[in-house]
Amino acid sequence: MRSYRKELWIEIPSRMGFLNITEQVAQCLEESEIQEGFALINARHLTASVFINADEPGLLRDYETWLEKLAPYEPITQYRHNDTGGVNGDGHLKRQIMGREVVVAVTDHALDLGPFEQIFYGEFDGLRKKRVLVKIIGE
Amino acid sequence: MRSYRKELWIEIPSRMGFLNITEQVAQCLEESEIQEGFALINARHLTASVFINADEPGLLRDYETWLEKLAPYEPITQYRHNDTGGVNGDGHLKRQIMGREVVVAVTDHALDLGPFEQIFYGEFDGLRKKRVLVKIIGE
Amino acid sequence: MRSYRKELWIEIPSRMGFLNITEQVAQCLEESEIQEGFALINARHLTASVFINADEPGLLRDYETWLEKLAPYEPITQYRHNDTGGVNGDGHLKRQIMGREVVVAVTDHALDLGPFEQIFYGEFDGLRKKRVLVKIIGE
């Protein structure tokens, strides 16, 4: 069995935002030389997500509007987590909706994705550098 | 290491609906001849889910009612994604709640599921054929 | 390829609650002797979750408040699942928000987690013993 590991550094220039990381993950797979296996891509931070959906700007705006409705940023005082001094209580909730990780099949040395599947990083407490882990196992 | 790959074709005869695919996945595992490993089962479409819960008709109706409340289909114009010409903006949101994929342990050449765990396909933009990927790795 | 399997038994002394199981999972990895691979940790019950977030009491209270708002326990009669005789319809919904499973990379014989990532069991129909599956594959 082979294994490969890499951390991607990401900085989103706003509190909430999304970044398509499919190409970066494909590059990791290229480097790994793994033909068949699984790729795990996960946020290493607790107010960020890795998820798969469409690269369509209207949809990404819909996610922002919707997540803000399900877990509003304000009022700050509604979250007991914010009593610890931060203001990112909402981000820990939003991230549960969007998920921490995706597992993608590796087939014939390629990411085995559907025609419109794109891998996204989702940020809910941005304006600072964060890390995504890419781990691939297989042979 | 062994690996196995198959696509399941599914058509749900309504906009939203659920299908128990546990037997189809178990059949894939049978064909794979893998004894110990992981099975990844994921939707290849962006308005569909694969998830694990109970095969109980009341529960499946509850999911429909609940998802419709959290991410309503109408009004169509509330979603910027629908500006691109479609009407499935809600489906991209519902799918994030229910998830894209499950990873199931394979033990002694069987799906290592709890007593009531059943693998479901969830459809949020149906009336057309879609695909689910089953990928199994192990030995 | 090596594989390892263990069930953890957990009893939460309330209907809803959370338990940090990171140390128990790390102990499983220790026993497995696996150096590189993936660890799957999943609930075997349908009203429970395994997820990763921060071990901060205010946040865990926020999750309870928020989940109760998104999928309220009462009125019991709002869920068709409860027509079957139980009262845990809400738990099947809450679990979909928080997720069934996490997949964690194994690197250098350790759980490859970010600095604040902790693995939690989430219970939405407690007061009885339930099981979590830990399955690790790799070499």
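Per-chain numbering from 1; labels A, B and C assigned in written order.
As a working rule, a residue touches a chain if its C-beta (ideal position, glycine included) is under 8 Å from a C-beta of that chain, and two chains touch if they have at least 3 such contacts.
All figures in this text were calculated on a predicted structure; none of them were measured in a lab.
Two copies of one chain, chain B and chain C, form a contact in which under half of the residue numbers belong to both partners.
Between chain A and chain C, the superposing rotation on Cα atoms measures out at 120°, rounded to the nearest 5. Between the CA-based centres of chain B and chain C the separation comes to 20 Å, rounded to the whole angstrom. Contact of a single residue of chain B with at least two other chains is seen at positions 1, 38, 70, 97, 99, 103, 137. Interface residues of chain C, counted against chain A in their complex, comprise 1, 36-38, 51-54, 56-59, 61-63, 66, 70, 97-99, 102-105, 107, 112-117, 137-139. Listing the residues of chain B that touch chain A in their complex gives 1, 3, 5, 38, 40, 42-46, 70-71, 79-84, 89, 92-93, 95-97, 99-101, 103, 131, 133, 135, 137.
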